[in-house]
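So, here's a batch of structures to check.
Look at the two complexes coming up: chain A is in both, with chain B in one and chain C in the other.
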Partner chain A sequence: MSKSADEIVYGLKREYLEKICAEGNRIDGRKLDEMRNLVVNTNFVPRAEGSAEVRLGDTRVLVGIKVEQGEPFPDTPKSGILTTNAEMLPMASPIFESGPPSEDAIELARVVDRGIRESKMIDLDKLVIKEGEKVWVVFIDMHILDYDGNLIDACSIGAVAALLNSKVPASEIGAEDYPLPISHVPVTITFAKIGSTVVADPNLEEEEVASARLSVATNENGDVVAMQKGLGGSITKEELFSAVDTSIKVGKDIRKRVLGR
Partner chain B sequence: MGGTQSDIKLMNEEGLRIDGRKFNELRPIRIEVGVLNRADGSAYIEWGGNKVLVAVYGPREAFPKHTQNPSRAIINARYNMAAFSVDERKRPGPDRRAVEISKVIGEALECAVFTEQFPRTSIDVYIEVLQADAGTRIAGLTAASVALVDAGIPMKDMVVGCAAGKIDGKVVLDLNKEEDNYGQADLPMAIIPRTQEIVLLQMDGNLTREELEEAVEMSKKAATYISDLQKEALMAKYKSQEPEKEGERDE
Partner chain C sequence: MYLDIERKIVLPGEEISLEGMKQGNGIYHDGGKYYSYQMGVIQTYNNYANVIPLSGKYYPVRNDRVIGKVVDVAPSFWIMDIRGPYPGFLHINDTPWKNLDQELNKILRVSDTVFLKVNEITESRQIWLSLKDAGLRKLEGGHIVMVQPTKVSRIIGKGGSMVNTIKELTGVKVQLGQNGVVWLDGPADKVMTVRKILKYIEKEAHTSGLTDRVKKILEESR
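Presenting the complex of A and B:
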């Protein structure tokens, strides 16, 4: 069967990236465990209860937090609610389409949500207005504006930064606004396996040729709080633990340098 | 982990769990092969209180056409929970959780199947959770591998799923529903036993690096045992279909 031009180009690109990664290099000159330049700009949307614009290399996302009153879930009457949603806007990439959320958008939102929820970043028990009747609902909405790879890290760092700067609009119920109760600060770092090399924070070109993806969320104690493997390839146990170690190390740096924690 | 209540004791002084298991003990697992008539391959698994049915169709022409991959088969896994499979009725149809689980199961199977042998086709794997008792995704994945073999689809090895987690501060194998609800971590994982590659990995909760290592090791060990159960189940099917011996056969 004859191959299309696209397939040939893809094959060459993959071969080339696998080769340079095996030699310890990256296509954009980074080290294997080095993140792209990360800029977080909080309070980008003052009308929201919290927000953050994140640029991770050429990937750009905007996270907005809305905090509203709502009914608690019947099985958790003494707890506020956290909900996470990702919009892969068609403006962000020629391959994104409008319409209901894709499988990728759902996975992205759930992986970001898991890091925040499982680290117990927000103290949901402190978001009760009236037990069993009224609680604060925290909506995390993540807009993908420009897609150049690694949306998981851009979105989760953005969501954490936005939550750190969010307020609970208690003035609506005759009290004073107060900062969202924060207990922990999770950071998620994502890796891609290219050939038999694992790199941190893959850009789009790297993502396109990766066989497997691994995201590891850690908290400030260096504990692992959430993980997700993606794509149709496998990883070894050694690769897993090397990624965990890098995630702990890079997470610490980002927590301090970018999130001010 | 859904649990916030930590006052519930999940392990007694002797180190036994609420269902009487030791920390590294699996729940009983039973696998049956070829349980459906129309499907190209099928399997049924009971894993503790989980009851999961899997059907495989294909390789068949992928539809709609734009989903076709000119160089390999696509694996289309659909994980679905029956409305009556859980305590409180689940609204039928795929929710966000099911979409994510279907995705990771499909990706895990892709690691094992020689997809490049069937370009432009789809291999459809339908996983129906009839009763849920924590660990449905790995039970479904374990049965799906068996159903793929039953359908005659060539693979590197059968993918085996297993989960470990943490309850009362201790790493344990194969969480049941109460442990999943009130425990501190859950780590569903799947490997290819022959190569020891990890093909599915998710985690939520809180584990130190050391605990994580312990959990991964525990699941890996259990996977060898579950892999044997898969093979036995397949052999049992063909044993029961063995033709009568020469001479006893009618002309």
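Presenting the complex of A and C:
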């Protein structure tokens, strides 16, 4: 399939970004490992069990949590269910189309899901109502409202912030509502490789010209819990280790400053 | 010369009294009366009244100088994206190059950036572009910034006053396309300053005394 005009990047823009990144600068004046301004508003949707609106620079996403009763999977009768879904609304960017979820939307939902699932953030074993018959199903729905790059970080931070403020509506079954059982707080940080430089939290322009992308999720102990490598380019061992170090450092700061943990 | 209608904001279908001016762009007439096509500001120029839209896509006009990128290569012409409603075509005969039986790919490739002019718009809305004029060329190096096409005239300023101020105070090479694509070349920090200034002008385009304010900001940032 041929690319649409919007998807073809001006060649000299790529050269320019590669040049200034090699000099240690970035197009918006940030340091190479600096995130854009991050604002999280939790309980943005009062009727949901939990929600968060995230602004990462000009990227804006809305995450909603729904907790409903459902049947457990036959192979895991003793645990609740976690489902993640991402919607890339056409109003967020000219390159988003309506219709079934695109490859990017599926990848986004899966990467966010993996960060939360593999970090064991939610204690799913505590979400059982009746073993093998009824459990709580946690839905994470992410809506992209404005696209200016790095949806993975905006969505995963939003999902974590929303889950931290979610409750299980146990009053539906005659018990008392209780907060979602949380055991860990993962934070995902994404890097883009531009030329031979790795930058954290790429914006749209940087994402357009990136040759490789790496997302690293870490928990509060500084353990790496999930990773995703994207695009066709390669990443060296040194770049990987330095990305992991940055991810732990920035993750700690976000956990303290934004998530209050 | 300022008239009453100058700088008035109009809505689509709103009646306009031309006050002796001729009907310009963005205005249609029906039953002897004149109406606006778009939401915009009335501006007069050379005895013509025009409605300048507040925002919108670029609509190509003959002899406009625009910056385009190559999106596809055909046997004898290139297909260019000029941010218009239709793609533009650049034929090999309208360039200074001679096709000596070589592939056009070797002259301009997909994603190359070119400063060109709109040569002709046919009845069937085909846009033919040209590279045969002074100053038109393939752009190399530098950076691309997008602005609203409707704000380009504000960035140029009266007689080029705004863009010349920016060039003088920052030393950055600036090439403006009527389609809202701006090419900048210079040191990274200066390019960043110009980028910020362009966004500022875009936001404040409707206010007056903008050139002086831009000058002040640039002088302070030096």
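By definition in this document, the second predicted complex is superposed on the first by the 252 of 261 C-alpha atoms of A that agree within 3 Å, B and C clash if a C-alpha of one lies under 4 Å from a C-alpha of the other, contacts with A are read in each partner's own complex, and residues count from 1 in each chain.
The criterion applied here is as follows: contacts are C-beta pairs under 8 Å (C-beta built on N, C-alpha and C of every residue); 3 or more make two chains touch, one makes a residue touch a chain.
Keep in mind the model is a prediction, meaning the values are calculated, not measured.
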For this session: Using the superposition on chain A described above, determine whether A:I20 touches chain B (first), chain C (second), both, or neither.
Result: second
For this session: Between chain B and chain C, point out the one touching more chain A residues.
Result: B
For this session: Considering only touches as defined above, state whether A:L240 meets chain B (first), chain C (second), both or neither.
Result: first
Exercise. Where does A:G29 make contact in the superposed view: on chain B (first), on chain C (second), on both, or on neither?
Worked result: second
Exercise. Should A:L12 be classified as contacting the first partner (chain B), the second (chain C), both, or neither?
Worked result: second
For this session: Answer with first, second, both or neither: which of chain B and chain C does A:A226 touch in the superposed model?
Result: first
Exercise. If you stack the two complexes on chain A, which partner ends up touching A:E118: first (chain B), second (chain C), both, or neither?
Worked result: first
For this session: Find the residues of chain A that appear in the contact set with chain B and again in the contact set with chain C.
Result: 3
Exercise. Any idea which chain B residues touch chain A in the complex?
Worked result: 1, 4, 70-71, 75, 96-97, 99-100, 102-104, 106-107, 110-111, 119, 187, 192, 195-209, 212-213, 216, 220
Exercise. Tell me, which parts of chain A touch chain C in their complex?
Worked result: 2-3, 5, 8-17, 19-20, 23, 25, 27-29
Seminar exercise, completed: Counting only contacts in the complex, chain C reaches chain A at residues 69, 71-72, 81, 87, 109-113, 139-144, 183, 188-189, 192, 195
Exercise. Which chain A residues qualify as touching chain B in the complex?
Worked result: 1, 3-4, 7, 76, 79, 103, 106-107, 109-110, 114, 117-119, 125, 214, 219, 222-237, 240-241, 244-245, 248
